[in-house]
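Following are the structures in question.
One chain, chain A, links the two complexes that follow: it is found with chain B in the first and with chain C in the second.
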Partner chain A sequence: MNIPHETGNETYAQRIRRHFMADSFARNGLRVIIALFIVAALAPFLANSHAIVRVADGRVTFPIFPSLEPIEWRFLLYVPMAALVYFLRAGFLRRPKFHFLFLIALIALIEVVLAVTHPVNDPTNDRNRAASFKLMPPIPYSPIESTPDQFSPPSWKHPCGTDSTGRDIAARLLHGARTSLSIGFVAQSIALLVGVTLGGLAGYYRGWLDIGVCRFIEIMDCFPPLLLILVAISLFESQNNMFYIMAVIGLTSWTGLARLVRGEFLRLSSQPFPQAAQALGASDFRVIVRHLLPNALGPILVSATFGVASAILIESSLSFLGFGMQAPTPSWGDVLSDARRYIDFAWWLAFFPGLAILMTIMSYNFVGEGLRDAVDPRLKVK
Partner chain B sequence: MTTYLIRRILLLFPTLLGITLLTFLLIRLSPGNAALLRGGGGESGGRAMTAEVREQMIRLYGLDKPPLVAYADWVGRSVRLDLGNSIVDHRSVAAKIGERLPLTMSLAGSALLISYLVAIPLGVAAALKRGQVVDRTISFVVFVLYSIPSFAAALLLILLVAGGDYLNLLPMYGANSINAPEMGPLAWLWDRVLHMILPVICLTYASLASISRYARVSMLEALGQDFVRTARAKGLPERLVIFRHALRNALIPIITIFALELPVVIGGAVIIESIFSLPGMGQLMFQSLDAKDEPVIMGITVLAAVMTLLSYLAADILYVVVDPRITYE
Partner chain C sequence: MSTPLLRVENLGIQFGPPDDPVKAVDGVSFAMNAGETLAVVGESGSGKSVTALALTRLLASPPARYVSGKIEFEGRDVLRLPDSELRGLRGKQIAYIFQEPGSSLNPVFTIGYQIREAIELHRPEVRDVTAEIISSLDRVGIREPAKRLDDYPHQLSGGMQQRVMIAMALACQPKLLVADEPTTALDVTIQKQIMDLLKELKRTSNMAIMLITHNFGLVADFADRVAVMFRGRIVEAGATAEILRNPQHAYTRALIECVPKLGQKQHRLKVIDYAGIE
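Right after this comes the complex of A and B.
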């Protein structure tokens, strides 16, 4: 691997970026994730039973827009946010930590506000409606729409086939990308919030607080993976909306981050610089947020990236087991769980969602590995 | 060491209390209870129950008591090793778990054993050919394996080799064929093995990936040590340097991972059992979660937590046993 040499004075963020981009797996993983987010953002325009433009009786209409649900606007909001990031990037490089945290908070806010809505099955479609001109999305089916073509294998009409009620798998996967990506992102943000707060307080104040937090971490860690989540989700089944699932996954997967932050804070707070800050009269809050946290940010980011991958995996396992999102909402695990009953012949029901999950998790893992090597080249296993 | 052990074992109890309290409160704070689920009939499939019988049942299982009082009752019974009876069929929780445990444990045990047998040679080979094509191929394949969700792999394996339209080599569901009770012991065992091949493969490959990564790192570390250089300098053949000096030291951290991987594999077994319809702990847990069978859920949680805690403890003790340089003083 050729890492371009350092040129002049570069910031920490620039150095991480240089090392990260030199790793081809990490670079391509990041590209796949960005592509997935774009696909997720544009899903209603890629797979929808409503025409994008329809000209009939001399009138031009855009049937796709009235059909959008609030949940579908969510990802569209990411586009202005991406623009915002682009224009603020100079500020980003100068003080990466605060803009980054602000960004996460903003995305999490959008998600949480819009997560509780469910898609509504809208039976109208523009495929067969007469028009002098119409432009349909590339996949002219909505993810929750049943068609008479049941169990159609992959074909030009249905690139990934259809399921037992004739729903188009490609449309379900495109829309399911939103479920998986946003659950991964928000669940991990919740875990980040809890883990950094508890771990940070334990590492900074030590003493009884530390002992209490450590015991709590130990208790949470002793649940075998999935057990606590399954208990929490299956017992409150009536409340299985997206936000509840995000919260349960987030609230059960913060322990690794808390351990990490605690360790970093224990190490950092015995170094001279936080003591100097304290001697200058800085408050505890200021020392934690302005001096300790920025120095621990690298490992936190690495761990959070792997955390997103595992949150996505947990979500798809839950949907697969039938404990995840409620029926009409498309999700990758849900398509896979449909595949269970018809596995003796309908290979496309298992193959395509499996591939989607594999690709996403692998990309996040590659990005995580790349970040880890970039944040701390000493850790690198050559 | 003895003081350390005693302290560790004493610390197990507060942790165990915390885990069970958390589970108990989750069950109690969720809407509905087992008696209502059974009495309601309809969807949950139970027979309709008269109000009188339901009242009796609620009192019998202490479902009307405040959560903390009921929890204290449960702890009082559990320390006398009485986990109570299932609300659904009134059989003892210990017996219900006991008949399912062997299957899950044999599944998890064989999966772990096989992952070790495959992962260590892979990791060692990658470390010896560090940076070469072999290393990069192994690392990449292992990384891909690590990212495949086990349930997707299970479905595709069933489709390809078990009863699908393609190859029909292995049985699809269950722990035994229907006519298993009439088989002789050897035929029965063979039948069981055939049924276990796919579930074990699905459980194996994920832990195989993480163990082989550990093995590679730990072997690389060992190869960089002074004693390996000394062994080479005194003219030992490379085979002896690698197997007698480097590998033996590299195995120390890998052995202790056994204890940390065990809970992960048992957790994974829950999903795999549900796909292959195996009557193990996972299935029992889903059934009891569906019926809100409080005593059984608590029993499974306790068992899982005790196993996890003991395997962490075992990992720490193993460290000392296999590496005399480490002491807990």
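Right after this comes the complex of A and C.
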């Protein structure tokens, strides 16, 4: 590894960044993850049966937009807005009151419009409709649309083939990326919240709270996680709701993190600086959040990265077993589970979703390992 | 005489099981007036640090138990103060300097940020916080303080770190500064510098200073009064000069003799003979 020389005054975050970027596996893993997120975000424009632009009978229409869900509108509007605010932040802060009011009004307007309008459920597709000009997405199939050619192997028409009902696998994978990535991300955020809170409190206050939290963790760890998740899912009525699955995965996978945070807090709070902060009049909350947590952030981040990977895997296994996202919502595990019955002749049904899961998990693990090396001062001498 | 700034009466602090306690502090009483300097001298484990931490109830309870006594700061009973008022007392009225400056500063924040936190906690009325930080660093003898604001603790030497700790303690203009072995972790020349700085502060401000040390050598030209602690009790207390000239207690004599003197031929350092004391 070729790590540039230390440059005197750099912050902790800058140092981690420099070491992280010097690791080619971690760097490329991060790139893959970012690319995956962009693909997932733009999925409706990459695979859709509606044309992006259609010119027919002298009229220009954009058939893709009426079919977008509110969440897609939010994404399309808010992300550029956030980027704009970020780039214009200097000018923005010159008249903060006015600009913030303007922003809030704009967001309120968008939300009201989204609340009263509903996406048009138009089952027709623009593939075969005559038009003087049309711009179709790269994959002109929607993920839930059945076509007559079933079990088509990978071809120019269907780059990843089709399944038993003629649905395009590439379209399902592109849309499934949103399910898998967002479940991984949100589930791990929930686990992070629970794990850091409980572990932090146990490590800081020790005593009975610590004993209670540790025993609770041990009880949680006694159950096979998948069993726990299946029981929890069966308790919820609506299985199709993505947020239940996120919550269930998050609430069953925080124990490792809680242990880690507890250990870090025990180590840190035996050093003098938390007491010094207390001696300056800082409250317990302030000591925990402002003094201890930033010191434990490195290992927490590393563990969370691996956690995202495992949450994606759990979601895939759940979908594979038929307990995850219910049809027709596409997810990688769901595509994989469809492959089970036809694996002896339709290899592409298992290959492509498997590849997608493998790529994602591997990228997350590379990023996690890169981060771990970057925050660990002992591994730096190379 | 008016009411003292700080009055400690019959303070008792224990650790461990109640039926077989470790009596860390066992009936300690003393008082300090505003602007006065008191040195608490004693060996490791004599209860001097525990006493100092107890002044603002910094010892977590449990494991520590405040079994008896009273700590009055400006007439307020510290041991019965609610937590919110206690936080107003810590840092604002009674500030601490600890033994290891390196690990008493938070390693992930710049020193400027940490002093800023202290000022923002206790002196919300300060308008120009940055100027206040710079002047507080300037006061403890840090050269070019404006350039040091963005330094991390690990970029400073031990002596500089201790100066930053002192600057942080002084930033809130406390009435009492408790220096808990401020020079123990530093080498001798830096010790001298830090003690000179404390002396300078003693001379220029009306702040009471409680110096905790095991080294009688530091006490002589610094403290107005000395209290000698041994096994959780104050065995001897009085004016510094008086005690140094005419120590009454065997332990005090032993402690004074522990400090090697310049020009004296001695093959072995004196060690404390506990059997002779008890």
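Everything that follows uses one rule, which is that the second predicted complex is superposed on the first by the 318 of 382 C-alpha atoms of A that agree within 3 Å, B and C clash if a C-alpha of one lies under 4 Å from a C-alpha of the other, contacts with A are read in each partner's own complex, and residues count from 1 in each chain.
Just so we're on the same page, contacts are C-beta pairs under 8 Å (C-beta built on N, C-alpha and C of every residue); 3 or more make two chains touch, one makes a residue touch a chain.
In this text, all values refer to a predicted model and were calculated from it rather than measured experimentally.
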item	value
Clash-or-fit label for the pair chain B, chain C on chain A	fit
First (chain B), second (chain C), both or neither touched by A:279	second
Which of chain B and chain C A:344 touches, first, second, both or neither	first
First (chain B), second (chain C), both or neither touched by A:62	neither
Which of chain B and chain C A:133 touches, first, second, both or neither	neither
Partner with the higher number of touched chain A residues, chain C or chain B	B
Touched partner set for A:12, first chain B, second chain C, both or neither	second
Shortest CA-CA distance between chain B and chain C [superposed frame, angstrom]	19
Shared chain A surface residues [contacts with chain B and with chain C]	none
Chain C residues within the chain A interface of the complex	56, 58, 62, 83, 87-92, 95-96, 98-100, 103-109, 117-118, 121-122, 150-152, 155, 165, 168-169, 172
Chain B residues touching chain A - in the complex, by the definition given at the top	14-15, 18-19, 22-23, 26-27, 30-31, 130-131, 143-144, 146-149, 151-153, 155-156, 158-159, 163-165, 172, 216-217, 220, 263-264, 266-268, 270-271, 274-275, 285-286, 289-290, 292, 297, 300-301, 304-305, 308-309, 312
Chain B partner contacts - residues on chain A that touch it in the complex	215-216, 218-219, 221-228, 230-232, 234-236, 238, 309, 313, 316-317, 320-321, 336, 339-340, 343-345, 347, 350-351, 353-354, 357-358, 361-362, 365-366, 381-382
Complex contacts: residues of chain A adjacent to chain C	9, 11-12, 207, 271-273, 275-283, 290-291, 294-295
